[in-house]
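Across the two complexes that follow, chain A remains constant while its partner is chain B and subsequently chain C.
On to the complex of A and B.
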């Protein structure tokens, strides 16, 4: 599957990417690829650099250092044909308030050589998108649904969504997630979405990028992340030292014979290693993504 | 109206610390060990499971792939996957015990924190199991 130098077939390929705005490093040294057919969830606190990263990789702003390529082309100089393969839903939609939903749809359809009327008709029905009212009177959720529709109509090979589900109710969010899964079912289509709704990401993402202070602190399989990060409790026969000096520990608390720590490079063999080293009973607790995220920010 | 979907056979918790493919493997093993899934029983397709539970299909197909390697399920051309014929009459006792070991570990830890003796704990387990098995009869 992944043969080391995968950048040849990568949909998105970032190399030592950096972005400096007003003397401040917003993104630092980001190197990562996205393979076709994946759903990548981009997770980070407010201000961590999620939107800046999306801006650079879609070519809205140039990198300060390193490179960003989409379908093999430099992000900042994307040919029109490559742009046509991308669908984007920004955090702040760019709908025209004075149009009705139907008018906005017709406008966007006319801008693209390909437009999947069948898909759009189905989603209008399933998502209950109102078309006859002016966009200025639509709710936040209704606008978000409409903006997402507009990004799907031309059957993009790469769909990028910045906080796509933030205004949707739980039912609409579930429908939306189902649609993302459907899109990525095609092995040539790829989805990248940023979110702060961790449970959504946990459902549908196959890969996770965790960004902290402009740096990528994790980029890989969600399953692998969950298997690598665990909370370990040691119950030793004798008092344990205040600093356990254990490799890969992101946090640790000790109290007498008891110690609790979070490790980021767990292997089952470590359970015995730790038990032998500290003469302790060792129990491990697997962490959900939200807890992993909090621990990585501790 | 399409017919209602059959009841779910799995319980997949996306927010659990246990990856979904792991949950699925454990559950198929348990359902087979307990006789709820018999040899020849059809499994829902990767696509069906992913859609029903709204989870990424990659993790489901990973689970099915590993179960196939293990010999517990088999792929059938153009047909649903099925539970493989059992090599022995039933899964070895040791293997079934291994599947419950993690729960026993946490139970033992809790017992230790409560200063319970092994005999007290096993007596309670024995009683609970008796009640559970009586109920099923």
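On to the complex of A and C.
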């Protein structure tokens, strides 16, 4: 997790970012960086602020407070050269219904100085994207694949995908994520993708941002997150109090001599502390990302 | 019953915009009546204010009805409403009740203010007649809007063609009686009958479509070349179509269909039915030609505004350049639509017989209205009913309405302020459009899928 001042080489750098629409705070006090070569999964419930955050950091929308920079440039006034280094797949595709897939690809190729025909031809074959039909008759999954192709053709250094796999079937999703890993293999290419499908994120991302009600509640390595959030079961000799007052407790349930808690910032030394404090046997259970996500949103 | 009452109420008060319109209509109504009372001692020709205020009031009332008719169709198309038992019956009865309440309120207000003398030869203003005229007029207007906005272009053209002959028979509207029956009663009966017929279809129809959904489908586009220049790619992205010429041609074709059908109806009616009984009046057909560029340019500018978001990243251009490109496209569309359509209107004004209004004044109003419509289009980032455009349009209609009633040369001269005012409004709108575009926050205007029937979501 980098949320200090090391923003010199950062691909994305957000500082105390806030966004207010119609008097309602959509994003609050977000400070975080992304280093080159990272695959970052942005995780949050519907309406948590994922798409708003992406809109602000790509310059679609000005921040209400704080700053957002991409490749060192202010997001709201990105120069053409910087925009050329970004590929974006929006949640709702912005394809032109009256064109065919081939026409749409030709248009995008005309807009960019660099266009990797070889990569696009290979992905068209592998993803079986129909190019000869009007976009208005394509299925949701086919549209999403086409929108992703458009974002990849100019070999972007930063690829931002907003719910990229939500319309794909399980087979296509797995294939898509595999491709995403391949694409991100370059040490200079960075991928940020938002999702609410936790298994996708677990399969691909090296870092995770968890956003809740417009606030970033976690930003860091996926493995660190999994290690730092645990479920603790206490089995005491005497009945435990209803309120255990333990630092970092996300949730707690007590039942007589037994208590179950989910704790953040876990360190192995805390096991001994808890055993001594409550005179209890303490068992630790590591959680999957989905459980962590659910607990953080409980 | 609760559902019916709630439906009736929401057609006038659901949104803040509707409530403001309602308040504006009421204030204008009172102002028009007060102005008429103050002006009664003066010669009518030099006091256009009662007519101007009355025109604006009629405009506001028309907008309220238009909005509620649009809302009615929009709500009917929702799948969630489709699943509610008897929802459409409740909506239909609610809409009828809403018009009934509005007519009663309008007539009651008229009586309360004390304007009980009928304005001869109209029954308007009399205790007996005002309510019937309001109810019949409102119901007929709502039905016409339902038919014109869907379910198919052919049906909307046919509906207009059926209404068009009424434009010829202006003499019918200026009589207190039609076929021996008081005109207000005829209007009320016609409105109720039209509503009953529409409601019968509406209740048994499988699922009504959203307004104008049949219009936006469009035809298959011609194949675009696979090698395109950067500039043409930007244009295609903004327009969503392969060329500006093509979009303009679509607009011209649609409006010319209306124009030709109405012309044919007028000529046919005159030749076959009423050969020598009344003077020919082709104003309605010419008005369609004159308003076509106004609406067409507004539509194309709106399409460009909504297409701008998808160019922000892939074109690499700044907001200023995107605005300049979209504005240039809109001005080009104004030339492509305006030159042939205004030109044709000018020729028809010269050669076709018409009566009642100064058509050159109307043409000047429409020409000066078009730049304002263009900038309002550029401000329309949401694919929604463009109420500011309707408001501007109503200002122009009020000017035309006033022109009909002002008779003195001095009054007529004064009215030429209106085109100048419209140009001034365009300049203000241009400044607003530039300001909005230079700092546009697309997050507030998230793309709504063109394929979605309606997006009621607000960000």
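Just so it is clear, the second predicted complex is superposed on the first by the 293 of 298 C-alpha atoms of A that agree within 3 Å, B and C clash if a C-alpha of one lies under 4 Å from a C-alpha of the other, contacts with A are read in each partner's own complex, and residues count from 1 in each chain.
Rule of thumb we're sticking to: contacts are C-beta pairs under 8 Å (C-beta built on N, C-alpha and C of every residue); 3 or more make two chains touch, one makes a residue touch a chain.
Predicted, not measured: the structure shown is a model, and the values here were computed from it.
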Field: Superposed partners chain B and chain C on chain A - clash or fit
entry: fit
Which superposed partner A:289 touches (first chain B, second chain C, both, neither): first
Message: Taking the superposition on A as described, I'd like to know which of chain B and chain C A:35 touches: first, second, both or neither.
response: neither
Message: Per the contact definition in the header, classify A:134: touching chain B only (first), chain C only (second), both, or neither.
response: second
Query: So, A:97: does it touch chain B (first), chain C (second), both, or neither?
result: second
Query: So, does A:199 touch the first partner chain B, the second partner chain C, both, or neither?
result: first
- prompt: Counting only touches as set out at the top, which of chain B and chain C does A:52 meet: first, second, both, neither?
  reply: second
Message: Between chain B and chain C, whom does A:174 touch in the aligned arrangement: first, second, both, or neither?
response: first
Task: Once the two structures are overlaid on A, work out the angle chain B-chain A-chain C from the Cα centres, in steps of 10 degrees.
output: 150
Message: By the touch definition at the top of the document, which applies to A:281: first (chain B), second (chain C), both, or neither?
response: first
Task: Rounded to the nearest Å, state the minimum C-alpha distance from chain B to chain C in the superposed three-chain model.
output: 28
- prompt: Along chain B, where are the residues that touch chain A in the complex?
  reply: 14-22, 47, 50-51, 54-59, 62, 105-106, 109, 112
Message: Help me check something: in the complex, which residues belonging to chain C touch chain A?
response: 218, 220-221, 223-230, 232-234, 236-237, 240-242, 309-310, 312-318, 439, 441-444, 446-451, 459
Partner chain B, residues of chain A touching it in the complex: 38-39, 174, 177-178, 181, 184-185, 198-199, 202-206, 222-223, 226-227, 230, 235, 281, 283, 285-292
Query: Residues of chain A touching chain C in their complex?
result: 19, 21, 51-52, 55-56, 58-62, 77, 79-81, 83-84, 86, 88, 90, 92, 94, 96-100, 102-103, 106-108, 110-112, 134, 136, 150
